Amino acid sequence: MSFWNDPLKIAADWLMGIFTGWGMPEIAAQILIGFLGVFLLVALLMVLDIFLVWVERKVVARFQDRLGPNRVGPWGLIQPFADIIKLIIKEDTTPGGADKVVYNIAPMLSMMSVLILWAVVPLAPKIIGVDLNIGALYIIAAGAIGTLAIIMAGWSSNNKFALIGAFRQVAVMVSFEIPMLTMLLIPTIFAGSMGFNAIIEAQDIWYVFLAPLAAVIFLIAAIAELGRAPFDMAEGESEIVAGFNIEYSGMKFGMFYAGELLHAFTFGGFMGILFFGGYRFFGLEQVSAFLAVAVIVFKAFIGYWIIMWVKYTLMRIRIDHMLAFNWKFLTPLAFTLLMVTALMNALLAGTSPWIYTSGMFLSNVALGWIALEVARRYSRRERARVEGVVTTSRSTLVG
Amino acid sequence: MTGEQIIFLLTALFTLGSGVMVVTSRNLIHAALWLVSALFGVAVTYALLDAAFLAVVQVVVYIGAIAILFIFAVMLTRKDMRDQGPQMNTNWWFGALLSVLVFGGLFFLLQGWSGLSRTASPIPPGFDSISELGNALISPDAYVLPFEVASVLLVAALIGAVYVAFNPRSGDTRK
Amino acid sequence: MSPWIYIGLFFIVGLIIPVGAIGFAWFLGPRKSNPIKRTTYECGIETVGDSWVQFKAQYYIFALVFLVFDVETVFLFPWAVRLGQLGLFAVVEGIIFILILLAGLVYTWRKGMLEWA
């Protein structure tokens, strides 16, 4: 075992030697080392977060045919640091009617709900905070705390826009949690475990090939969970100004903003872990742990880029349409997919990987096609009803 | 005292303190938020017992769903969040007496019990509680019937909620 | 050592970082508040009434439907973990479980409770 394969254990052993050398009891040293490790990871995430501000601004600029930040430093790279200085020295106002304690706790909880997600993210075969055997449910639990932070922020601000934004966002978040939970069940079925390390280890074939429809539904649910466009009920900057964080300024706003970006990046990472093989990439993870970390960060960035792509391409969907889309389309589809996957998994058990994979893939594609066809028929009938005329068969129009 | 016991005592204090705040805070949303912290304390207790699945489900279901439902319900039913009425009714002394008696009785009974000073024995390595739970839920000689009945129960809850919210007089859902 | 200690550490560090950042900003930033600054921000128009207002019943219905499905899906996780080993019988059980709940969803739908009326 060399440093390149398991750097964490080597570093921990080395620190353990130092701390026990100082006469510290072993258990205290272990906790201290754990604390240092967690602190290091979180500090690195915050640095990454600062960088994400730049990435986001640069990418949105490209999507909108602009240049983006390009004045401060090369390619505007120093821009986020200037932003941070501004956030730090900005006066922090609290609205008069606000509920002060709840108002101040909300941004901290919001950031925390994102940071604790990284406790279960496997960065390399041996670099993982905690290899919980309930990893999939843990991310939903962390999301529950994030939901709570939004409702706290919206309520405590004593602002109608904030409350409306928070309510809409929470309604959307909880609704889309159902398809997300259901889609978490599908990698669980394939891998026979909820732990992320086990899910990655079982992915000799990326799960996106076994369950492409599940990956798409998970992406949609993740975007809704993140509260990003086209599902940005909370912000709705053109109708309810900024939603739940309207009254926040300075660093407290910064926490919501940074939390949102890091959350999107994290869910890009979860896409990579659940459906794209996590840190595995043609045996590269066996060469060195650092390469494995590079692979998963790269995959997370691709997922993040897709989320940004969706955000800057589609327009906002009205809340009633969103909830109808979830409860009348996505949830039944997700449960049907779960039943089909479970059935196929049992029927195809024991067959060769090729038959298994193609059977799963074809059943997913067929189900997706059927669902789209049903939605298309329904929307055509609905349109005919609304317009009062029978539209001719223009099959290219979907919902 | 081991570290685990210290953490347990702190968690228990936190949970009970939050519980007291739930019933004493005058602002209904504050009460709901204190309830969330009490429920979180219970989740920490489960985690201390290495009941990972229960701990996470506690957070997912109670904080993620029930607390949100409570907050929505409070927002829907009350225009004014600050309760004005007295917090005690005339029987408060009886309640206090009863709780003191129960506490005294339990204290007397549990004095000689050695379980209070024991910590949970560690789970043997290789024991996967989720797999065991899965086996128990679906094997025919265990809890398969309760598993299916739970589904019926959930549907009954859903239908009940829909019926309560459905206004038969006006024939629509608007209230 | 229990893995939950690390989870606890993540919670603690996850709180320390934002508290530190906000505290640092509070320490460095100016604090000159006045009543105008502290008014509610609603596009410059004077705020009318209290904003802790009553909300639509529909939010409550969606939260309730969500609660039922949340509990259901949580039940399915142990089932999914063991599915590979248990064969067709377990699959059928799970499918019955899901179908019963989908019947509940259909009922809610037919009663018009999923409409944003």
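Letters A, B and C name the chains as they come in the text, with residue numbers starting at 1 for each one.
Just so we're on the same page, contacts are C-beta pairs under 8 Å (C-beta built on N, C-alpha and C of every residue); 3 or more make two chains touch, one makes a residue touch a chain.
Model, not experiment: these values are computed from the prediction.
Q: Going by CA means, which chain is nearest the middle of everything shown?
A: Taking the mean of all protein C-alpha atoms as reference, the closest chain is C.
Q: Looking only at C-beta pairs in contact, point me to the busier pair out of A-C and A-B.
A: A-C
Q: Cα centroid separation between chain A and chain C, in whole Å?
A: 14
Q: Just curious, how far off is chain B from chain A if you go by their C-alpha centres, in Å?
A: 28
Q: Where does chain B touch two or more other chains at once, residue-wise?
A: 52-53, 57, 60, 64-65, 68, 72, 75, 130
Q: I need the residues of chain A touching at least two other chains; which ones are they?
A: 27, 132, 134, 137, 155, 167, 174, 177, 193-194
Q: Two-or-more-chain contact residues of chain C, please, as numbers and ranges.
A: Only 4, 7, 52-53, 55, 59, 63, 65-66, 70, 74, 77, 80-83, 90, 94, 101, 105, 115 qualify.
Q: Per the contact definition, I'd like the list of chain A residues that touch chain B in the complex.
A: 27, 99, 102, 132-134, 137-138, 140-141, 143-145, 147-148, 151-152, 155, 167, 170, 174, 177, 193-194
Q: Inside the complex, what are the residues of chain A that reach chain C?
A: Per the touch definition, chain A meets chain C at residues 27, 30-31, 34-35, 38-39, 42-43, 46, 87-97, 104, 107-108, 111-112, 115-116, 118-119, 129-132, 134, 136-137, 155, 157-163, 167, 171, 174-175, 177-178, 181-182, 185, 188-189, 192-194, 241, 246-247, 250-252, 254-255, 319-320, 323-324, 327-328, 331-332, 335, 338-339, 342-343, 345-347, 349.
Q: Within the complex, which stretch of chain B touches chain C?
A: 47-48, 50, 52-53, 55, 57, 60-61, 64-66, 68-69, 72-73, 75-81, 130-131, 133-140, 144, 147-148, 150-152, 154-155, 157-159, 161-162, 165-166, 172-175
Q: Enumerate the contact residues on chain B facing chain A in the complex.
A: 3, 27, 29-30, 33, 36, 52-53, 56-57, 59-60, 63-65, 67-68, 71-72, 75, 128-130
Q: Help me check something: in the complex, which residues belonging to chain C touch chain B?
A: Chain C reaches chain B through residues 2, 4, 7-8, 52-61, 63-68, 70-72, 74-75, 77-83, 86, 89-90, 93-94, 96-97, 100-101, 103-105, 107-108, 111-113, 115, 117.
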